[in-house]
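There are structures below to look over.
In the two complexes that follow, subunit A is the common piece, with subunit B as its partner first and subunit C second.
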Partner chain A sequence: MSNQAAIYSSFDADPDFAELVQWFVKALPLRMRAMDRAFHGGDLSELGRLAHQMKGAAGSYGFPQITLAADELEHAVRLGDSRAAIEQRFRRLSTLCQQARVSEPERDIANRSSAELAANFLSD
Partner chain B sequence: MNVQRSAARLLLVDDDPDMLRLLTTLIETEFGGDIKIESLVQAAAARDRLEQGGVDILLTDLEMPGVNGLALLRCAKRRNAYTQVLFITGHSTQEALLDALDLGATDYLLKPINRREVLHVIRQAHERQQRWQQALAGTWQQRREMVACQ
Partner chain C sequence: MLHTIIHPGPARKILIVDDDADVRRLFCHALREEYAVRAATDGRSALKAARLWAPDLVLLDILMPGLDGYETCRRLKSSLANPPQIIMVSAKSAADELTRAFQAGADDYLIKPVDIAELRSRIALHSRLLESRAATRALQCELDDHHLQLKQRAAEWTAQITAVQDVTVFTLAKVAESRDNETGEHVARLREYAQILAKELSREGPYASQIDDAFLADLYRSSPLHDIGKVGIPDSILLKPGRLTEEEFEIMKRHTSIGGNILQDAVLQLNHSGFLAMAALIAHFHHERWDGLGYPAGLVAEEIPLAARIVAVADVYDALTSKRPYKEAWTPARAREMIDAKAGTQFDPVIVAAFDRCLDAFDEVRRMHESRTPLTLGAMSFARHGESDSAEYSADLPCSLRLMAQLAN
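Up next is the complex of A and B:
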């Protein structure tokens, strides 16, 4: 992914919250994996719930673009849109999550293992 | 009347761990030892905690799986009438918001959160809770003094 495609948290200049944003960004793939499971497993209710969660959290962490995409996905699910329409919004959200970055350079947390972060995310 | 101030006890409830982490850091950074925070990701556990009493401010998501925020509000108010209840919600029906008002909710915040707005609302709730606590402590003191004079 090029730097041009990256999207950055609006919190990136706030030292009190930099590490929190790093945790959030690092856990985004876990959220997307859960949404992917719900989508491909046909559990649209769960997909809608996870999209709703993402909508609230992403903007709170300084990623309004992700909130907007999650809102569109949640609406598509709630309105009972076609599978193709839901998939299109899901892919849009997934792309944005992959583009999310804390700031440059990312700090040491980026070097922590995914397993460690997953354990932290799931144990809360 | 001289009432000793103690740290307010705030219970934070949200089914998203990332929101709990963010709100906890935000409140701790701003209020330090003036507010003692407990955070719970499961609403059912929050209901059990509220039943034990001792919660001054409840900051909770309105819509969660299982037990919703309105049930927590009822529980909090039953246990302690001056508990300040603040809702935080991404999307709520008009009916849910009206119910929240009817049941005595102090305020509500929209997700995504605005950090300044969150702190402003919590500060107001904290001050209101302290006033109620002092007023009630004052009435108890007056009663004790009246009994002592008789």
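Up next is the complex of A and C:
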């Protein structure tokens, strides 16, 4: 896992959206955890659904690479590819998500607890 | 009036429907400065929000748990009186998504990931669309309103013109009649009798298909003009007390063709002949006989125009049941006997049969007119004569009766 290479949101020029992108990035581990659960639990349709969601959301937040990887995963699931093939795409997506950063020096939102973040992500 | 475009009014309401919180948050953030924004997490809560909040525009995700975007779109479009603009927003997962979205009634389609600038300009476009649609609707309402007013006014004018025509024609008929009939009530009663007969004939039998509402209306207006041709008959003959000579009678018979020609001339002056064409036929042929022995043309049976055959019966019945200086009024029963006896010779047997079914209605008309003071119409008041002058009018026996009398002798 090459954690050193970071990918940045293309929204970096728009400070108005910086905080939103931070929220998105902070919530990425939650998305990945949910996908991980679905993958290991064998719930491929849930995995496909989550990949589809990721595909729509990530690009909108300025992460087209993640959208691309999520699209590939969604396709592999829908086409009924081998578990190995699915896993490979899942890991690729997972790596990209770990590399995602807001390009500006990340503003401190540590005052918001991760529980609050999780609650926000799961709410509505 | 396009003032709605210049004045934007309250902010447009946009409902964002997506099961992904990050997407909802992003869209809300991108749109909240210019629009009133709310979010729903699935199809059902979207439908509820749409009912309660009435958004102008809905950004609708396709793949959602529960009710999917297509079905939500269909329900939004079909269940609301004023359905919102719907933009489907989808992270494309199937090739036919676009087609299905439009089939479900979507107005537009955006592909996720969504570029914020594109989202904003697309929504601005739909906003303008909504504005111009509202303006068009307002204009349409105004036009409809205007159109309705015009129609009402046209109907009022038509009714006024028609009423003036009716009174004019009827007055003309009474003026013509006033030379030989003191009361002028003959045309009024005849009109009712003819109408009753025509209505009865329209209900059933061989003439039912020929008599529609237009026929009835034309007949009502034209039957009073049947004797208009008497204006061309000299006083010495028209007002002669007692029996006419053969020669005088030939002249008297001309009132049919004179009337027919006068009215036919009137028809030729109009593009749309209306009731005058029927009036011409009635004037010309109301003394024809079913057996062909009538005048002026000697037409036989159904060669005689139907309206003229109807008026012939009504005319004779009224003459028989009216009091004249030289005769008492016949009772309706006696008049009926006479008319029944002439079925198939003088009169069309089908019309006589209808007449037999209408005796009560005829009686009612007669009694109504009896109880009325004669000369109620202002236009007729000049025709009043002293009682002592009545002998002057002893020649007011209708020509049909005169002919009947002379043929009988």
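Basically, the second predicted complex is superposed on the first by the 116 of 124 C-alpha atoms of A that agree within 3 Å, B and C clash if a C-alpha of one lies under 4 Å from a C-alpha of the other, contacts with A are read in each partner's own complex, and residues count from 1 in each chain.
One rule holds for everything that comes next: a contact is a pair of C-beta atoms (placed from the backbone, for glycine too) under 8 Å apart; a residue touches a chain by one contact, two chains touch by 3 or more.
All values reported here derive from a predicted model rather than from experimental measurement.
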TODO: State whether subunit B and subunit C clash or fit side by side on subunit A once the two structures are superposed.
DONE: clash
Task: Greater subunit A contact set [subunit C / subunit B] - done: C
- [ ] Please indicate which partner A:R49 is in contact with in the superposed arrangement: first for subunit B, second for subunit C, both, or neither.
- [x] both
Open item on the list: Taking the superposition on A as described, I'd like to know which of subunit B and subunit C A:Y61 touches: first, second, both or neither.
Closed with: both
Open item on the list: Per the contact definition in the header, classify A:F17: touching subunit B only (first), subunit C only (second), both, or neither.
Closed with: both
Open item on the list: Shared contact residues on subunit A, subunit B side and subunit C side combined as an intersection?
Closed with: 16-17, 20, 23-24, 27, 49, 52-53, 55-61, 64, 67, 121, 124
TODO: Please give the residue numbers of subunit C that touch subunit A in the complex, ascending.
DONE: 19-26, 29-30, 39, 41, 61, 63, 65, 89-91, 93, 112-114, 116
TODO: Quick one: which bits of subunit A touch subunit B in the complex? Just the residue numbers, please.
DONE: 16-17, 20, 23-24, 27, 49, 52-53, 55-61, 64, 67, 121, 124
- [ ] Using the touch definition up top, name the residues of subunit B that touch subunit A in the complex.
- [x] 15-22, 25, 29, 41, 65, 90-91, 111-113
Open item on the list: For the complex, give me every residue of subunit A touching subunit C.
Closed with: 16-17, 20, 23-24, 27, 49, 52-53, 55-61, 64, 67, 71, 74, 78, 120-124
